[in-house]
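Please read the structure below before turning to the comments.
Letters A, B and C mark the chains in the order given here, with residues in each chain numbered from 1 onward.
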């Protein structure tokens, strides 16, 4: 299904933000690959840095929206390093090679332009003739199963429902056939029945376009539904990564295990949900050792001294934990 | 089990005024002839997507809005027609917890102030107030130090637990929870759910638990009622309704919900076509018919009534048993 | 108290606020200690010294009646601030109350109040103020009344829209659910949360009130001579603009100074209190 060439290769990504409270470590030395054609889910709770990672890869963090920020590391796409690309070249990458869809489509679509026009705008960037471009827009609307395509094309975003808007945004982002689609909480604002349709759509488009999808979510249900591989983030660190079945069936990192145990499954008569004591560590402090140490039921002496590196435990299954690598 | 609260033929229509002189009005039938009961010490899950009317039901029960028609009773006492003295007593019997914990408390007041208000408003003595507040904080696993803080200084989980604490101060019998964990992280949600379960046992509470998340509803509820565009589709014991749903909408919800494990990916799924219709232009007959794969002629013409299928299990569909 | 001081400390990090606060403080200081600061009284006539340019004895020169310009300027600040604060206070009292009622209760109260508000909002302030002062007669008190009348509508509009937004907030619904009555909800839940908006608007309404006062004084409809109202001084200075420009320049600069100060204060407050205030 997937060949071994990664479409995206993130190495040693470090992101810090300047806030009134001090320098915040949002992302702390994250390494991962996304393979061509696979669906990679980056999952974690609020403040883990998953969304920030994606924004940094797309170079959406700049000195206007985040003055004083620092980004280090390398993001490999084809044989380019996206982090060191000049702005105009990065503009060519966005939309054409890597696209991103966001949580709230109403915020992402311009309310002053009709839906069809916004997709047309993207298509003509590739110097397609106007007539052909409009045909493509209509075809796209049909592929996306947007009801009443002719009327929807001339509707304004506010006139469309949430699910339709999300489809329009997907259409806009896929109109130039990128190799990688980044989906940041794509269904959070949608109803369950619509969510199911959108996830199906993403799967179908992945199959027909052969593109990779990087999903960012806090919802394990979405991960279970469509992911091929999963990365779990906590406090800016990638703590576990592996095949989706592996992660669900045999989680290794204590955080992953406790998190999966806290998902409501079955009924209250069976068990109480597992909770994770404590709170996130202060992101303005540089912690020595494992970021999860204060909340971990294991917490050995080595955990506060040395940061556990992301290590391969089984084939394709990595984790950052001293206990797992039997080094305590 | 004895009945604590019940709604009978509850209706809430909102008028939309078209035209300058208010002659042409259309109605949004947010809640359209709903009947259900909540028994003592049980959790009734109320499930629906946006536009289903479930939040309106919550507000009706708390008397925050008045029904267009229908009755609501608590322990047999009529809520709708209650005089102010009865209303005062009834208000203490029902508590509410909202979805967004960050706006559930007055942002310009300390937590202590927010917790004192319900007690002061209902005439409790100052002496009792301090000890009651201390007690309730302990029950939700919070320390006294939160009293001097402002809401924005607390985490989402703490804010929501304070919300629960406030709702319990007047010692209600019924707690209405409107999407109480939807805005919370997974691990925080687990904390709040655990607290709710403990409190239910300790205080003999009944919960009307409103949510769109089927996994949470399945976990915490005893029975479940499923709403769509203002009407009840199916009511029954939670496992029965979610595992062996009779109504196509219930099936679509249950099978369309993201699974708990990747092994459940290839499960049989019922996907509804199209989008939910607007609330102004409701379809005739059964509201689901434009999207239902099992639709027949009668579904377009005649609205289905809730029929009893087996003990405690009812569904509103013309094609029960044939699909 | 401690909370207030630490909040103030945070506020001072905003340079706009700090600048505005310093200016405002200097003006208030001048007004309060006018008797100490001013070397002369404001109506000390000394014809032999008329129209003298700035000197060591008369820091800002003298006017056509030999009165010390500096002292008149200093005492003038009292008038400016007095009218400004009293007029805006009345605006707040009337405007905020009406805004709360209209926003919270809706219905006919809202329709009635909005109607009145729109009428007052539509009329150009200066013209209405002139009309009122002409009818009531020229005096400082009438200027205060006039300014209060023409500009209360701004508070009503803002407070009404904010109230409408707040009354649907979860914490207000929770309060209704456990039995708070309407008055308590308005006073304890809604008003404290509208307060930041009111403060910002007040700091921006103040310089407008001062300019309006000056305008009325200039037109002879406000304080009457010999009162050292800056507008009156400006008006009197017109005749002597060639021989003694200093008589008019300094009150002009003073007006700019005070208006700038309060505008900076208001803008700074707006940034601090809530950047998303959208007013």
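Remarks
As a convention for this text, a contact is a pair of C-beta atoms (placed from the backbone, for glycine too) under 8 Å apart; a residue touches a chain by one contact, two chains touch by 3 or more.
Bear in mind that the values here come from a model prediction, so they are computed numbers and not experimental data.
The touch graph of the protein chains shown is a line.
For this structure, the chains sharing the highest number of C-beta contacts are A-B. Note: centroid distance chain A to chain B, computed from Cα atoms, is 32 Å.
Each chain gets one centre point, the mean of its Cα atoms, and the points for chain A and chain C are 52 Å apart. Look at where the CA atoms of chain B average out and do the same for chain C: the two points lie 50 Å apart. Touching chain B in their complex are the following residues of chain C: 169-171, 173-180, 184, 188-189, 192-193, 195. Residues of chain A that touch chain B in their complex: 45-46, 147, 161, 163-164, 191-197, 199-200, 218-225, 227, 244-245, 248-249, 258-259, 262-268, 272-276, 279.
For chain B in complex with chain C, the residues that touch the partner chain are 59, 62-64, 88, 91-92, 94-96, 98-100, 103-109, 114, 117-118, 121-122, 163, 166, 170. Chain B meets chain A in the complex at residues 49-50, 155-156, 185-191, 193-194, 197, 212, 214-216, 218-220, 238-239, 252-253, 256-265, 269, 271-272, 274-276.
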